[in-house]
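So, here come the structures, one by one.
After this come two complexes, each holding chain A, first together with chain B and then together with chain C.
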Partner chain A sequence: MSTYRALVAKDLRVELRTWQSVPAMALLAVGTFVLFRFGLDRTELEGTLAAGILLVTTLFAGLLAVNRLFVPEREEGGFETMRLAPVPAAAVFLAKATVLFVYLAIFGAITLAAFAFFFTPDIASLPLLLLVILLFNAAISVTGAFVSPIATNSRSRDLLVPILLIPLLVPAIVAAAQVAGPVFNPSLPAFSSYSGWLIAAVLYDFVFAALGLALYDFLLDD
Partner chain B sequence: MAGDAANVAVRTERLGREYGELVALDKVTFELAEGRSLAILGPNGAGKSTLVRILAGLLRPTSGKVRVLDADLPGENWKLRGRVGYLGHRPMLYRDLTIAENLDFHARLHRIGDAADRIGELLDQVGLRRRADELVANLSAGMLHRADIARLLLPRPEILLLDEPLSNLDPAARDTLGAMLADQPVKARLTVSHEPERAAADHDEVLLIGGDGRVSWQGPAGEYDPDAHAGVYAGALR
Partner chain C sequence: MTARSVLYLALATIAAFAIGFGLVFFWVPNEADQGFIQKIFYLHVPLAIVALVGFIVGGIHGLRYLTTRDANHDVRSYIAIHISVIFAVGVLITGAIWGKGAWGKWWVWEEPTLVSFLIVALLYCTYYPLRFAIEDRERQARYASLFAVMAGAFVPLNFAAVRMAESFLHPRTLATAEGGLPGSMKLTVLVCGIAMALLWVTLARTELLIKTTRWRMRRLERELGEAGAAGRPSRVAPVVPPTEVGSD
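Presenting the complex of A and B:
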C-alpha cells in the first residue's frame, strides 16, 4: 500500500509542478466543443447526440494523458527503478490507473461546465450522469494504464495508443452512451431500460482491472 | 567488502545476448566469488553495459545461464529486487522532482525505515546536502551523477553493478566517490570502466571483453597488463 501511495504521490506531484497533462486535455475538450457548436450549428443538444459528443471528447482527451503516462518512466529511468525495487507490478498498475482517474476527474469537472455552457443540455438526473462519467473514466483509466507501457516502449508510441485503446474502449463507450443518452433529456425513462448497460459498464471496468493486475508484470518486463 | 569468498556472487555460463542480427555478447563465462570485485573492460560496443544490465535483471539473455547471488536469471528476477545497486549511463532520477524528493521516493519503494537519516548521510557523502531541494532538471551532469550515486547506495544493496561510475565527475570527486564506492560493505562489486590502469588497481579481478562480444582475457587484476591487450581496443568497432 505504501508503494502504491508513493507511486501515486510522485506522479501527482510531477503533474502539479509541470501541468503537462490536465490543461492540454481541457484545452482539447473546449476546442472540440467549439468545433461541434459551430459545425452542427446548434446551441442545444439532447439524447444520444449529447452523450456521444461528451463521451467521445472525453475519450480523445484521455488519449493525451495515456500517451504521457509512462514517458517519465522511459526517459528518466522509472522502468529500471520499478524493476530493481521490490515493487509489485500490481501496485504500479493500480497507481497509474489512479493517476489517470484523478486527471480525468479534474478534467471532467472542467468539461461538464464547458459542455453545459456551449450546449445547454437538459439533464434528467445529474447523479446518474456523474455515475456514468465516473464509470467511463474508470474504463479509460484501467485500459489506458494497461496499454500505456506497451505503447511507451515502442518507437511509434503516439500511433499505438489510439490504435490499441480506441478499439478496446468501444464496449465501454457503447455502454456509457446507452445510459448517458436517456439522461440528456427532460425526463428519465424507466430504470430497467438502461440498467443492463449500467451493469455492462461496471463489468467492463472490473474485467480490465483484473487483466491489468494479472498481466502487468509481463508488460513492465524488457 | 563483505562476503564469504567460498560462495559465488556472480556466475555466467556461455552467456549470450543478441540485438536482432548483432551479437552483443557471445558465450561469456566467468565467476566472481563473494567478497571480490571485478573490473569489466573492453572497447565501445563490446557488450559491457549489456552484461551489467543482464546481471541486474534488467535485460534477458538470449542464451546461456546467469546466477547472481542466489537467483537464477531471468526466471528468479524477483529474488534480486531491492538487493542490486545498479548505476547506468542514464540517471534513475525524475527531472521534475528535487534531489530530496527523488531519494525519498526511492526510500519509500525500498521500504527504508530510517529514510531521513540515511538520505541526509548520503547527501553529505556525495556533497549535495545544500542542494537537496534543487530540481534534478537544474543540475549539471556531474551533480546529477552524484545524486544518482546517493540513489544507488540508499537501499544498502548487496551487490553493486556500476557502468562507468566515475564519468562526468571532476578529479576530486572521482577520488572521493571512487573510494566511497570501493568501501561499500557489499558482497561483490562489478564495474564497467574505460580506464584499464585505474580499474585494475581498484579491483581484484579483470574481465576483458573483445569487440566480438567474447571474453578476451580474465584473471587477477595484478596480472593484467593493459599494454599487452591494447590490440583488443584497436579496430574493435563492429
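Presenting the complex of A and C:
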C-alpha cells in the first residue's frame, strides 16, 4: 500500500513539474472540438452525436496519456528500479491506473466545460453524465495501464497503443455511449432503459482491473 | 508430430469435408424460408465456432507459456491464433455473403453478433504488429502470451455481452429454446463442424511441423558450422528465434 502511494505520488509529482500529459490532452480535445464543429458543420450538439464526440475525444486524448505513461520508466531506468526495490507488480498496475485516472479526471473537467461552452448541449442529469464519464475513464485507465508497458518496450511504441486499445475499448464505449446519449437531452429516459448498460460499464472495469492485477507480474518480469 | 501423422490428419479432413459437403448438397433439405443461400451456414457456423475455440486455445497455450516458460507453448499459442485469424476472416466473408442473400445487405451494424465478431477479429489482428514489434525473443513470447490470455478472456466476455443484448436479426443457429434445428440439419452441422475442426488441427499441425523442422535444420546447420570452425560438435541448443515464428 505504501509503495502504491509512493508510486502515485512520484508520477503526479513528475506531471506537476513537467506538465507533459494533461495540457497536451486538453489541447488535443479543444482542437478536436473545433475540427468537429467544422467537420460536421454543427454549432450545437445533442443526443448520441454529443455523446459520441465527447467520448471519442476522451478516448483519443487518453491514448496520448497512455503513450506517455511508461516513458519516464524506460528513459530514466524506472523499470530497473522497481525490480530492485522490489515493488509488487500489482502495486505498479494500480498506481499507473490511478495516475491515468487522475489525468483523465482533470482532463474531463476541462473538456466537459469546453464541450458545454462550445456546443451548448442539453444535459438531463449532470451526476449521471459524470458517473458515465468516470466509468469510461476507469476503463481507459485499467486497459491503458496494461497496454502501456507492452507498447513502451516494443519497437513501434506509439503505434501499438492505439491499435491495441481501440478494439479493446469498443465494449466500454458502447456501454458509455448508450447511457451518455440519452443524457444529452432535455429530459431523462426511464432508468430501466440504460441501467443494464451502466452495469456493463462497471463489469468491464472490474474484469480488466482483475486481469491487470493477475497478469501484471508477467508484464514487468524481465 | 511426424509428417505421416499430419498426412493422416489431412486425409481425415478431406474425408470429413467430402461427407459434409455431400450431406449439404445432396441430402439436407433447403431451408423453407431462405432457400439455397441458407446452406452457407454449414460453412459459416463451424468456421465461427472453430475460430473462437481456436482463440481460446491460443489463450490457454499463452497461459501455459507464462507458467512454464516453455517456448513450445508460445509457438502453439501463436499458431492457434494465426490459423484462427484466417478462419475469422472466412467467417466475416461467408457471413457477409449470407447477409446479402438473406437480409439484402452485406453488413448490418444493428446486429450485435456481427459487430462483436468484428471487434474480436480486429483485436486479434493486432496480435501481429504487437508480436513483431518486440525484438527481444523472450519478451516477445511473454508479451504475446499475455495478449493471448487477455484477448482469450475478452472473447467469451464480448459474446456474453452480446447474448445479453437484444438481437433481432442474427439467427441463433444452435438455439434450443424455440425448438432448434431439425435432425437432418443438426447432423449436417455436426459433420461440417467436425470437418472444420479437423481442418483447423491439420493446418495447425502442419505449421508446427514446418516450424520445428526449420529450427532443427538451423540447429543442425549451426552445429555443423561450429564443428567445422572449432573442431568439436556443439551441444548447446540455440534459443529458438521467435522473430522467425511466423514471419511468413
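Note that the second predicted complex is superposed on the first by the 222 of 222 C-alpha atoms of A that agree within 3 Å, B and C clash if a C-alpha of one lies under 4 Å from a C-alpha of the other, contacts with A are read in each partner's own complex, and residues count from 1 in each chain.
Basically, a residue touches a chain if its C-beta (ideal position, glycine included) is under 8 Å from a C-beta of that chain, and two chains touch if they have at least 3 such contacts.
Everything quoted here is computed from the prediction, not taken from an experiment.
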{"item": "Fit or clash between chain C and chain B when superposed on chain A", "value": "fit"}
{"item": "First (chain B), second (chain C), both or neither touched by A:Val87", "value": "first"}
{"item": "Partner chain(s) touched by A:Thr18 [first = chain B, second = chain C, both, neither]", "value": "first"}
{"item": "First (chain B), second (chain C), both or neither touched by A:Ser2", "value": "first"}
{"item": "Partner chain(s) touched by A:Ala190 [first = chain B, second = chain C, both, neither]", "value": "neither"}
{"item": "A:Phe218 touches, of chain B and chain C: first, second, both or neither?", "value": "second"}
{"item": "Touching partner for A:Gly78 - first (chain B), second (chain C), both, neither", "value": "first"}
{"item": "Angle at the Cα centre of chain A, taken between the Cα centres of chain B and chain C once the superposition is applied, in steps of 10 degrees", "value": "80"}
{"item": "Minimum distance between Cα atoms of chain B and chain C in the superposition (Å)", "value": "5"}
{"item": "Residues on chain A lying within both footprints (that of chain B and that of chain C)", "value": "221-222"}
{"item": "Complex contact set, residues of chain A against chain C", "value": "146, 150, 153-156, 159-160, 163-164, 167-168, 170-171, 196, 200, 207, 211, 215, 218-219, 221-222"}
{"item": "Complex contact set, residues of chain B against chain A", "value": "56-60, 77, 81-82, 84, 86, 88, 90-97, 101, 105-106, 108-111, 155"}
{"item": "Chain A contact footprint on chain C (complex, rising order)", "value": "66, 119, 122-123, 126, 129-130, 133-136, 138-139, 142-143, 145-147, 149-150, 153-154, 157-158, 161, 164"}
{"item": "Touching residues on chain A, where the partner in the complex is chain B", "value": "2-3, 5-7, 10, 13-14, 17-18, 72, 76-78, 80-87, 221-222"}
